[in-house]
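My structure is below; once you've seen it, I'll send some questions.
Chain IDs A, B, C and D follow the sequence of writing; residue 1 opens each chain.
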Amino acid sequence: MQATKRHLFFAVTLIIALLLAACTPQSQTPAPTSAPAPTSAPAPTSAPAPTTAPTGGVVSATPGLDINMILLPKFLGIAVFDQAYEGAKEAHAELGNKGNLIFTGPTAENSVAGQIETLTNAATQGVKAVMLSNNAGDQIAAAAQAAQAAGVKVVTWDSPIPSAQGESVFVAQVDFNETGRVMADMALSILGPQGGEFAILSASPDAANQNAWIAAMKQVLTEPKYANLKLVDTVYGNDQSEESYNQALALVDKYPNLKLIMAPTTVGIAAAAKAMTDEGLCDKVKVSGLGLPSEMVSYTLSGCAPQFALWSFKDLGYLTYHLTYLLASGALQGVEGERFNAGRMGTYTIEKDPTRPNGLRVLMGPFTVYTAENVNQ
Amino acid sequence: MKAKLRRLLSWEGLLLAILALVVVVNANLAPAYLSLNNQINLFQLSIEKIIVALVMAFIIINGEIDLSVASVMGLAACIVAVLFDRGVPMEVAIVAALLAGALCGAFNGFWVAYIGLPSLAVTLAGMIGFRGVARILIEDRSISGFPAWFTALGQQPLIGPFPFSLILFALLFTLALIVLQYSGVGRLVYVIGHNAAVARYSGIDVPRLKLGLFIASGFVAALAGVLLAARLGAVRGNTADGFELDIITMVLLGGVSIFGGTGNLAGVGLSILVILNLRNGMSLLNVTGNVQTGVVGMLLILSVLLPNLAQMARERWQRRAVQRKEVQAGVETSVSS
Amino acid sequence: MQGSPVLEMRDISRRFGSTQALAGVSLRLYPGEVHALLGENGAGKSTLIKIMTGVHQPDSGQILLDGRPVRISSTLEAQRLGIAAIYQEPLMYPDLNVAENIFIAHAGRGPLVNWGKMYREAEAILAQLDVRLDVRQPARGLSVAAQQTVEIAKALSLQVRVLIMDEPTAALSAHEVEQLFAIVRRLRAQGVAILFISHRLEEVFEIADRITVFRDGRLISSAPRADVTVEQAIRDMAGRSVEQLFPRRHTVRDETLVQVRDLGRQGAFHGVSFDVRAGEVLGFAGLVGARRTDVGLALFGIAPADRGTITIAGQPVRIAHPRQAMRHGIAYVSEDRRGLGLSLPMSIAANITLPTLRRYLNPLGLLRRPAEMATAEEFRRRLAIRAPSVEVEVGKLSGGNQQKVMLSKWLNTRPRLLILDEPTRGIDVGAKAEVHQMIDDLAAEGIAIILISSDLPEVLAMSDRVLVMREGRQMAIFDRHEATQERVLAAAMGQRDAA
Amino acid sequence: MHTWRQRIRPEQIRELSLIGLIVIALLIFGWQIENFLSARTFNRITSSVAIVGMVAIGQTLVVLTRNIDLSVGSIVGFTAYFVGSQLAANPGLPPVMAVVLAVLTGGTLGLVNGLIVAYGRVPAIITTLGTLAIYRMLLINYANARTITVDSLPSWVVELSRQTLFAIGDFAVRPLFAITIVAVIGFQFVLAYTVFGRRLYAIGSNPEAARFAGLPAQRTVLAAFVLCGMLAGMAGFLFLARFGNITAVAGQGIELESVAAVVVGGVNTFGGSGTVLGALLGAFLIDLLGQGLLRWLGISEFWRDALLGLLILLAVASDSVILGWLRRVWAAPALRAEVSNEG
């Protein structure tokens, strides 16, 4: 009940803010359109990108505007999304946005419908932008297009809209092809050149980012270097600890020669590592993938999960916020080649997304690969 | 009869009062709430669930339950998508999906009506199994790129500002209301729901009616699944996952007894309005999904609990008044004797 | 009489909404006395019982136990005070076995169940009743009489001082009634006060020491049995004199309507053969467990026969489903009004048209309400169903009126053969006379009637012939003039009749 | 007259048909899957049945009274998270206290359900459908997106799921499973030999009669819900020990798993009949089918659910057919006995 009251309060504030916003004149000059952007390398640093926009400048945000924004995770209750919110809050304060930053999300079991609902209602509410970690695949495209048509900027992060319809730009945590390579490299370094059987424990069959990573990894595995790595199966734990745990054990039972479980999901990797530890299988079967250091530290130190990778979700939230603020204020148009300043993280460029034919992306990067040496930091 | 009528009136009266409250609060807190656009969105966002809720009301009044509806919705959507993907004309794909839905319903109905297994068990198995069939068909793919007329059907207004599915819902609601409240079948749904043995001893073919209801449930769920595919423009294996609890909640809040035999569509209609408006209002106020679900849960409990408590308090008060009299009477008699 | 009353109800009143169920009623129960309480349904008997057993609280008045005022706040409290009741409708736990049903409500047997002891005690109590039931058998599937027996055992197992018996004999046949009366007399000798309620006047006059009559929530008369006549009791109950209890004007026609040969169903009954002629009342007599109802259910297709032949109007027929039976003009009026016969929350009209619903549908399948109402109104008039309108819920009607609704429902199918299973069980004397009148009228119209009843005087008085069954076998068929109580009973108990 | 037919009733040996189905499933999987009939399979199934089985005991108690508890999934999740966070904050908390805390937390949530159902007269399905959402909402607000991690827990909790209590060959009995087995035996006894247990059956068998006869129906139903909550709380603790990483979605779906176990285990959903042993066997059968399908090499991940649904249906159907047959076998001589008793 307390929470409801708080939200009612928010809402009243929001309405007042909207009224004020209506009176504020828009002072931004739109940036010119279209620019070639033959970027190829990830741009994790603040180094200037190879191409410059026709204006030649890097767009910076005008602080203190009044832009209401929603940060919409896949669902609530997962640590990494909260970390992204921390980053977004940091940027929100930094830019002195007079509007609200709203962190809201559906329940896990109603994720698809809930995300669509929030997006649809965003236009009604007069929200200027939604930052979406998409859990609905292309099913959300229609709602996103409708929102865009009603003047709401839709920026995706963490997980994009596969068809890119209805999406302005995707803030990619890492290059999706790169993810495939990083996973293949980790597998190679754990299994050694003689290789062996391994299996993938993914989130759900419908998770667009995981599916893209797995596809990328399969592509990488065709290279001669990885010839000895044999992918035997892909199973799904639906981002639930218990299901992932059981699936990991079933993999071991099903494939007696299994040497590695690769879990490109923070829930899955922790559950798999726990399962192997509990059953005393760590000597035989290693675990790797994408994981949170705080959840993985003991398994990494025990040698059960010698290597895993991740990026900073806080930075992802921060960067996404900056981009979205600029787009919503009209400072950026959301076209290929535009460059912008993202506060403490430096300068980024909007580029073609190599993994999605019609998509634009901003690439954050880089990966941090965690091992026993750095997992405690 | 009069007492029952009063009770029914008070149930629907209660829902009406809640609805009025929700509308007034929403209108005051969220100015955009009353806009026509939002009012249509509010239906459109849950249109598939409320369509299935109509047939679920029949099933529950009949004393059964169908937990498999969401899986049938998903399966129908997957069938449409996969067939379309393989180059089957969209019209044929839709017909195939609807037939498959009816077939799922017939499967459930057969075990319930002719073998006599509890519907909870059968449709629980169906919930897992039909979703599994959808998975077999679509695996980890996502299929989109449907013909424009199909997605327009789910997304664009058809007549004035009203989209096809909303018009369809209005028609189906009217039809369901007439069938349940004014037809022979509706009469039998109630009689069987209250006491199937009475119906059997009256020469009514109970299994056939139950089978028919389950087929209708499967068919309507498939129809809703196809509409969902049209609205979303893309289909995955988990399409419509978890809808069954929302659907059952709508029916129960509408005053339909889980034990069958009582409830009506006016209540279900009001309950749909209450839930949709409440959720929309909270959503406009950025209340998170978990809190929304929690609030609907509280409403569900309180809508039954509060009238019960009031009733009990009234009874206790009356009894206490009687006891006071009794005690006085007792004193008098003991004095006189 | 015998010293002071054990339980005294003083000036008890109780209202339900606008109905004054009891208005200043006083009643004294003495130890060692069987006190019969008579009254039509709605006279306030049930309310009084419920107040005695703590289900309801009186609005005013006093209850004295051994001369001290008590408050009976719950059934448990009543049990503690030594007041127990056997109700009209046996309240069984179908999943529990017989022994548990007897002892489940017992307080103070400790937190653990001693099964062995419980079985022994249950067997002892049943032996005391001279009934041999398997105490380990689940109550599901017990006949009504067996359930009643368990109820009595349950009451006996409590050390009762006041035993209320609300129509305990309704489901029992003559032999069981005799057994029961033996027990009642034994309890009386032990000093238990018994409040005995029954609609069977001959039983009341056999067992009661004192007879009290209620009408409309008031006490009309109360006197020792010797000072009351049957006619007077009926007049007090009805507030008018009831004409003939067993009317008989119909004549049997010559055409044989139904011919049943060697009918049987595995595990239920076998070798049943009889003819029923148009306008004839064929009585089915027998003890409980004689499987008379099963024959009815076989003819109606609920539990179809697997042996033998049924011929209707000269045509051999197969009846595997009630619809087929109805097509052949057979109707079956169940003994279990509330469980099988009527949809209680539905209106009178809806119940009457239930088996014939197709007739009241328009081509679109919608109900033709006016036609339905007209039919219902017609039956309300014809059978004198006392209800403010045909839209009243059936559950709100008295037993007698419910019985009439059931009859209407089946008469509306225009049957040629009407099977009536215990049509007068649990209904008051006025309604009983009306039902008997109806049976006679229907026979006079040429309908063949099978009358299954445990009320032996009723069977004997109403039937043209009496078929006696025992343990699923047909024992004898008596013509009206040779069917005496003794011969029927003897046949029912297994002695082949010489005649 | 006391034949074995009288002493042993179909209802009492109905678990046999479940055991028969389990044996058939074991044979088929053992024939199809290499190394299936091994200690490893046993350990897998026992470990995962431990949690669902514990919840299914409580679910049985509630279902026996003709009610249902759909909120158990949220209770398991809430308790696992709550106890986990308490243990993380106070690593010195003695094990007994942690268990007591879990049981009390679950019991409190169960108490709320029970009060609303028994004294507020709200149908159980409405109440627990509501509290399913409400408890989850409380959990998510309480958790605030933090995750309980294995590293934050005291080692004894994490070790619990790794230890072996005793082993027969390779067949290891682990503490979690042992706790559940003890609970099943305990409640089997409670249901068969205590007045409280028999009252649960009586109330579910005929609620109206129970009220009329003056059984403390409200108190008994309340107790069933409280016990169900306590057992779900205990399961929450087991959940914490087994999975270590607890997020706000923990335990989601356990309500349906427990209902499935109860239904497959032959507990009548209309109350009055069934045993906790049956529910455990039901959980065991479902898990066995799941495990078998997971490991069946020829079967793709995507076929699993379809087959699982079909197998559950077949299990329920064949169980019902077998029981019906047993009843008929029993009914025939019983009928003769009853009839010959008359007169």
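Basically, contacts are C-beta pairs under 8 Å (C-beta built on N, C-alpha and C of every residue); 3 or more make two chains touch, one makes a residue touch a chain.
For clarity, every value in this text was computed on a predicted model and none was experimentally measured.
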Q.
Can you tell me which chain lies farthest from chain A, using the average of the Cα atoms as each chain's centre?
A. C
Q. How many angstrom lie between the CA centroids of chain A and chain C, rounded to a whole number?
A. 74
Q.
Taking the mean of the CA coordinates per chain, how far is chain A from chain B in Å?
A. 36
Q: Calculate how many whole Å lie between the centre of chain B and the centre of chain D, each centre taken as the average of the chain's C-alpha atoms.
A: 28
Q.
Taking the mean of the CA coordinates per chain, how far is chain C from chain D in Å?
A. 43
**Q.** Where chain B touches two or more other chains, by residue
**A.** 135, 139-140, 288, 290-291, 293
Q) Which residues belonging to chain D are in contact with no fewer than two other chains? A) 136, 140-141, 302
Q: Please list, in label order, each pair of chains that touches.
A: A-B, A-D, B-C, B-D, C-D
Q: Using the touch rule from the top, collect the residues of chain D that touch chain A in their complex.
A: 35, 40-41, 43-44, 48, 51, 136, 139-141, 143-147, 149-151, 161-162, 239, 242-253, 290-291, 294-295, 297, 301-302
Q: Please name which positions on chain D make contact with chain B in the complex.
A: 116, 120-123, 125-127, 129-134, 136-138, 140-141, 256, 259-260, 263-264, 269-270, 302-310, 312-313, 316-317, 320
Q: Would you tell me which residues of chain B are touching chain C in their complex?
A: 1, 3-4, 178-179, 182-185, 187-188, 190-191, 194-195, 197-205, 261-262, 319, 322-323, 325-326, 329-330, 333-334
(Q) Help me check something: in the complex, which residues belonging to chain B touch chain A? (A) 29-33, 35, 37-38, 41, 44-46, 135, 139-140, 142, 144, 151, 154-155, 231-239, 241-243, 246, 279-280, 282-291, 293, 295
Q: Would you tell me which residues of chain A are touching chain D in their complex?
A: 3, 75-79, 81-82, 107-109, 205, 233-236, 239-242, 245-247, 249-250, 253-254, 256, 267, 270-271, 274, 277-280, 292, 294-295, 297-299
